[in-house]
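Attaching a single structure in structure tokens format; questions to follow.
For clarity, chains are labelled A, B and C in written order, and residue numbers in each chain start from 1.
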Amino acid sequence: MRKAGKYFLILVLLVSTFLFSQPYKGSTIKVLVWDDALTVAVESMIKQFENETGIKVVFERIPSGSILEKLALSVSGSKADYDLVSVDEPFVPQVGNLFMPYSAWPEGKIYSKIDLERDLIPGVAEGSFWNGEYRGLPINGNVYVWLTRKDIVNNEQYKKEFMQKYGYELDIPQTFDQLLDISEYLSTKGIYGFAPFTKNAEGATCEAIFMFESYGTNVLVQVGEHDFEVVLDKEKAVEALKMYKELCKFAPPGWEDMGHSERIAAFNQGKVFSMFQWPAIVPDHENKDQSVVAGKIYYGAPPAGPAKRAAIRGTWMLGIPNASKNKEAAAEFAYWWSSYEAGKELVKVGMTPARTDLLLDPKYVEQKPYFVGIFNSMRYSVSRPRIEKYAEVSDVIKVNWLAGVTGRVTPEVAIDNIIKGVNEVLEKYGY
Amino acid sequence: MKRKKIKKAIIIIVSILILIVELFPILIIVLNGFKRDIDIWSGNPFSFKPTLQSYKKIFQRSDVWLGLKNSILVGLISTIISLIVGAMASYAIARFDFKYRETVAYSFLVSRMIPQISLAIPLFMMFRFINLIDTLPALIFAHMSFNIPYVVWVLLPFFSDVPKEYEEAALVDGCDKKKIFWKIFLPLVAPGVVVAGVFTFMMSWNEFLYALVLTSSQAKTAPVVINGFMGQYAPLWGQLAAAGTIMLIPNFVITLLFQRYLIEGMSGGIKG
Amino acid sequence: MVTKKEKRIGEKSPVLYFILPAIILVAVILIFPLLFALGISFFNWDLIDESARGFIGFSNFVNIFKDKSFWNALFLQLGFIFIAIPIETVIGFFVAMLLNREFKGVKVIRSLLLLPVFVLPVLSGLTWRLMLQPEYGAISFLLTKIGVSQTTWLAKPTTAYAAVIIQDIWRMWPFMFMFLYSGLINIPPSLIEAADLDGAGFWDKVFKIILPLLKPTFTTAILLRLIDALRIFSEVFVMTEGGPGNATTLLSLYIYKQAFRYFNIGYASAMGIILTIISLTIAIFLVRKNMMMESA
């Protein structure tokens, strides 16, 4: 009898530890994310999460460009084929209402709920804000970080010559005017001062907004719940565009059609002095096999315009659809992904964390010099226009900005066309 | 005599020059498949050391295998179904006299001229409604929308060319019309069926728009995978070229093997 | 009376047996979708925002009529067709003339010339995109060798549009060649020889003998190309994505963008209906004018 009791006790203990350690035993969640090195790494770690929680994870990676379409197909107010979906920042307004406000997310049973203000770097959470609520958990610290060649600004001879000619010290450019001076000076040394983004892609919209914000203006402002107004200040915007054109005079040949690959190649070959970059690509610049400038780059916030410093933010958030039936398990997965422990591993494959403790961890300051740069840059982060019909607004800005930058139309006409075009979009949708 | 010789030499040289221009892009594709990406980026298209790196890489990618598998499945299944129903309809139009015969025939012809993009949207909405997006059946159905009308018209002249005596002899032997089709006509037009099948498969193999619109991760076909090599940040030209070369092989084999039938295949029954 | 009726049924039923499967399938995957598209073109139908859906009558069509981008896209699509096809026809014809003679290797040349026609459209678009890259593209490389300065071909509206057309000409003139050559070899040599005896020059022969005889072949080949060109999408989509600006956004690309980037399904469907009507009008006009059914 006593023996039997002992066995019984052991059995109860065993079962209960099993039950308590895997509180979600038997639940399955479906997760939809974009496809890149980071999400591949997350997928490779899922086993660990499954063992600890008992949640089975179906992890679907698709090209970032198709996420919105897939979301439109599979998530609505009443049905959700996914329990957790990643959304790129500019599209949060379009789909935000489909997602449960972060304030309503349950506390985690195994991983603790992330405190958006305390745990994350300042500024990052704004990307998931829409209609008075945070619509999800920001998952990466994605923001413009400004690259400058340390070896060039520290070159003694350059320093001397520059001082003589321009009357101030050659250093990391703090304003566009300084960047322009340095670019002009470096053109005599066969170095291009600047590499723009001019491919017909979202990157061009980012550049336009970056310049507008630095010059103290923006395209849209929300007035009232379902109304927007075009607030682009023509004078400031024209100045911004003209400055960008000036900088492009010191860009490498082929600058009229530069996308990510061209910019990476030009910078890695040591031809370019200074430019913005997205954190996900920075490891390419620090890879000694591909880049002759590895170890020679200073990372910081972008130079300031007359109004302020601005850095375009582009974070992904994880959102839980209102119609999901596994909200608790989905939240648990998001908390795990954002945890310090998982982050430690993900940082190794190139994740730029949204957590302050990871980004500023002394361990990485040496290894990942750009983490501090990201942290600094995020303080100046700005959004692209936040409106449900972002894709169309972005196309209007992109097309006309590029027409102005490449000289197909004058800067004045380009800005006029942006104002006119965005107004037409607003009108079309009855804002 | 001498002038004739010079003229001939000029003709040969011009012909070869034209050929070089025409084959140049294809050569680029094939060569790039054997280059390291760094050589592709370097500019000079002809200086490189051949390597199988890109081929190794693409065969390690599960999406390439998935894309090829889906392409083959969609191509084969839509071809087989289109051949069966298309041949039957073609036979009826060619050998029977019935009301609305011409209307039916021309409807098939005209339906080939509907722009794909106009169909892609409603097909997308339909398949979305019945939850078939990103599945092979959706893509197979979509491909049949251009394959069936094509098969009907390619086979028309083949069926028409069968002499009446065969039919009459069979009728005397007591075959009914259905049997005549399966037992007598189908074997007689076998070359036509092969031509139709080969070209139908190739149209499916090349198709991109429906695959782009109707699939995302599970049912995507090889052309979509190839386009995916353009990537978000930097294009993987080497792998793109290697996969592209593989996709070209069946097309070129068909072109060279079916020389005699190219016109029939390409015109799909449309004759001036 | 009875026997007659039986015979009629007997004749009718095999027709249905043979033709119904095809008709049903085509109805389900072609006719029904088109009607569906027609229906939805009277709606405002946002793919994501369920609240922004509703019947709006002819508003989509009215808006399309006022949409400058639509007219631009339509213009580009028609321009594409009316520039590319004539050039392809002319090149195809003269190469057919050139190769309509025997010399060593001519057979190989004739076969190899056809290969571009069978390159996948996606691959063709991507390859041209690669070849035109200013820094490392093969065409740019060769052009700089003969002194043309490095240019971003695909970043300038005119050159990008030209490049898209040249890509199509490269791929499709051999198609014209194939048809016209097959027509040429059927012209009896005696006709040409007779003209030679009359002392006719090259152009006389072309205009007075060859072109009239080849007219049906020309019609077929052009009709086929036209059908194909009205549907063009993938090559341009992967080559330029419609850019720079809207310089290569053909109507098919604009419809795609409205449907799958902006999620305006109703508006895109309405444009799809318009494109269908244009295509079918051209096609039916040509078919009626030039075609007779092959079958007896």
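By definition in this document, contacts are C-beta pairs under 8 Å (C-beta built on N, C-alpha and C of every residue); 3 or more make two chains touch, one makes a residue touch a chain.
Being a predicted model, the structure only gives us computed values, none of them experimental.
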> By mean C-alpha coordinates, which chain is most distant from chain B?
Replying inline: A
> Looking at B-C and A-B, which pair shares more C-beta contacts?
Replying inline: B-C
> Any idea how many Å lie between the Cα centroids of chain A and chain B?
Replying inline: 42
>> Quick check: how many Å separate the C-alpha centres of chain B and chain C?
In response: 15
> Got the chain C residues that touch at least 2 other chains?
Replying inline: 135, 260
> Where in chain B do residues touch two or more other chains at once?
Replying inline: 41, 235
>> At least two partner chains per residue is the criterion; list those residues in chain A.
In response: 69, 265
> For the complex, which residues does chain C have touching chain B?
Replying inline: 11-12, 14-15, 17-19, 21-23, 25-26, 28-30, 32-34, 36-37, 40, 95, 98-99, 101, 103, 105-106, 109, 111-124, 126-128, 130-131, 135-136, 138, 141, 170, 174-175, 178-179, 182, 215-220, 223-224, 227, 230-231, 233-234, 237-238, 252, 255-256, 259-260, 265, 268-269, 272-273, 275-276, 279-280, 283-284, 287, 290-291, 293-296
> What residues on chain C touch chain A, complex-wise?
Replying inline: 47-50, 52, 63, 134-135, 150, 152, 154-157, 240-246, 257, 260-263
> Residues of chain A touching chain C in their complex?
Replying inline: 68-69, 71-72, 76-77, 94-95, 98, 198-201, 253-254, 256-257, 262, 265, 388-389, 391-392, 395, 399, 402-403, 406, 408, 428-429
>> Touching residues of chain B toward chain C in the complex: what are they?
In response: 8, 11-12, 14-16, 18-19, 21-26, 28-29, 32, 40-45, 81, 84-86, 88-89, 91-94, 96, 98, 102, 104-106, 108-126, 141-142, 144-145, 148-149, 152, 156-157, 159-160, 176-178, 181, 202, 205-206, 208-209, 212-213, 223, 226-227, 230, 235, 237, 240, 244, 247-248, 251-252, 254-256, 259, 262-263, 266-272
> In their shared complex, at which residues does chain B touch chain A?
Replying inline: 41, 128, 133, 216-217, 228, 232-235
